[in-house]
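Note sheet for the following structure.
Letters are used for the chains, namely A, B, C and D, taken in the order the chains are written, and counting of residues starts over at 1 for each.
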Amino acid sequence: MTALTRSSSKLTHAGAMLILEAAVRAADAMGVPQCIAVVDEGANLLAFCRMDGAKVLSIPSCQAKAATAAASGKPTGTAPAESEIKLAVATDGRNTNLKGGLPIIVDGVLVGGIGVGSGTGDQDRDVAAAALAAVGLAA
Amino acid sequence: MTALTRSSSKLTHAGAMLILEAAVRAADAMGVPQCIAVVDEGANLLAFCRMDGAKVLSIPSCQAKAATAAASGKPTGTAPAESEIKLAVATDGRNTNLKGGLPIIVDGVLVGGIGVGSGTGDQDRDVAAAALAAVGLAA
Amino acid sequence: MTALTRSSSKLTHAGAMLILEAAVRAADAMGVPQCIAVVDEGANLLAFCRMDGAKVLSIPSCQAKAATAAASGKPTGTAPAESEIKLAVATDGRNTNLKGGLPIIVDGVLVGGIGVGSGTGDQDRDVAAAALAAVGLAA
Amino acid sequence: MTALTRSSSKLTHAGAMLILEAAVRAADAMGVPQCIAVVDEGANLLAFCRMDGAKVLSIPSCQAKAATAAASGKPTGTAPAESEIKLAVATDGRNTNLKGGLPIIVDGVLVGGIGVGSGTGDQDRDVAAAALAAVGLAA
């Protein structure tokens, strides 16, 4: 018989808030205010914070980073140059190759993504990685 | 001489997170998962949480509620019936008259808005009001 | 105790109109009709003028320049080439690296941005800089 | 011979700024901060001001009011109820029947529109009418 459903694992909002708060602490420690988004495996927003002084135009871009990482299972900033703009345009900007997005993988299962923006690309990625490390996940 | 600037008060991200967390607790106590958004006085997103089981299509609508309350300084759901649809369309859906948005007023100054969505309109408004009360603000 | 608000400084509409009028005069003196936008620190439009003969498609682009400068605190046209297109697409075109946007910084506080468009990139930037200088601000 | 062109009359930016400034004065006198837009006969933005305390969500809606009045040659708020929403949706929100938009008619020629928003519909219309009267035009 064909199974109509499959068992799956979903990121909880409590988990997303833990990751978000860890990212805020990491950005505070770095002295760089950030916009931070956490999305689930469907690239839908779970948790968000824009820190005092972070850029308002990073509100959409950090969400795009989180969505891209959740959809691809890979860090943003690693796509081949020849496809990154085509993917961005074909997705109305939701797929981005800006650094600062990391997949959230729990027990080997891709359950979402985190996207950080307002610093340099490296600062953004470092805050995302620190947030995942704070809850015991690999970046 | 014309003054280039005026002194103002802005909602902090720490304050927005307090209000967000209070809303999550109120929704938990009510047993109704919610999407919750907090925006600043310029209607830009500050903090967001989608609770487990809340509707994905409430992600944009709770943000519209928060933006509308922040822009108007009034609860959503109170606009005259003859203008509510026209306002929504003229603002590309950002102005909404769905219940569940409340202005955030601190020391008499309008500093933002909270929008809640996924329950009934009354549940949404009650969660927003409980969140404001939890940080000592009037609904 | 977490503070709910922080004190801030906002660009007045009277100040924005002064800057706008100074930009119009500078563009007139240069003989190049321009579109000019002034936005606040939340990247929301405060003042705008399209001069006779300026390009209609500069209406959105000068607003994007103003928003980008207001959000980043830096002149547009200075972002690294490897990120400028990605940032533009990830923000639905609101973040641009076209020359002609300058942050508006009063007493050390970033309170908004001016964006100018319809001339060459250098003409646009020069008009923006002349407008800020006319009200005693650094470009 | 078929004429390829026709002579036309266009609103100047200097004229648009006069109307804008008169609207700001009228709103000030009324004690109601407003968003005010002036567009040309092509419904393209010519001049704009958001006064301190005016609603950010009126930024798009006052532009829609101005565009509607410029396109129709009639005050907004007078369209038949059975078509107003259909027109709004078919124009992606640019055609609105919210009160506060007036055509700008100079020497019998429709050259643009003014749109005002942030007060009640009647306050919005009164500010628009006062602005036209201040430059010797009929509302």
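Quick note on the criterion: a residue touches a chain if its C-beta (ideal position, glycine included) is under 8 Å from a C-beta of that chain, and two chains touch if they have at least 3 such contacts.
Note that the structure is predicted; figures quoted are calculated from it, not measured.
**Q** Roughly how many whole angstrom separate the Cα centroids of chain B and chain C?
**A** 29
**Q** Quick check: how many Å separate the C-alpha centres of chain A and chain D?
**A** A distance of 43 Å separates the two centres.
**Q** Can you work out the whole-Å distance between the CA centroids of chain A and chain B?
**A** Spacing between the chain centres: roughly 24 Å.
**Q** Could you tell me which residues belong to chain D and also touch two or more other chains?
**A** 52, 56
**Q** For this assembly, give the contact graph shape among line, ring, star, complete and other.
**A** other
**Q** Between which chains does touch occur?
**A** A-B, A-C, B-C, B-D, C-D
**Q** Show me the residue ranges of chain B that touch chain A in the complex, using the header's touch definition.
**A** 10, 12-14, 16-17, 21, 24, 42, 44-52, 56, 59
**Q** Give the list of chain A residues in touch with chain C in this complex.
**A** 52, 55-58, 60-61, 64-65, 84-85, 88-89, 92-93, 96-98, 121
**Q** Using the touch definition from the top, list the residues of chain B that touch chain C in their complex.
**A** Touch residues, chain B against chain C: 2-12, 14-15, 18-19, 40-44, 106-107, 109, 111, 135, 137.
**Q** So in the complex, the part of chain C that touches chain A is made up of which residues?
**A** Contacts found on chain C: 6, 42-43, 67-68, 70-72, 83, 85-87, 89-92, 94-95.
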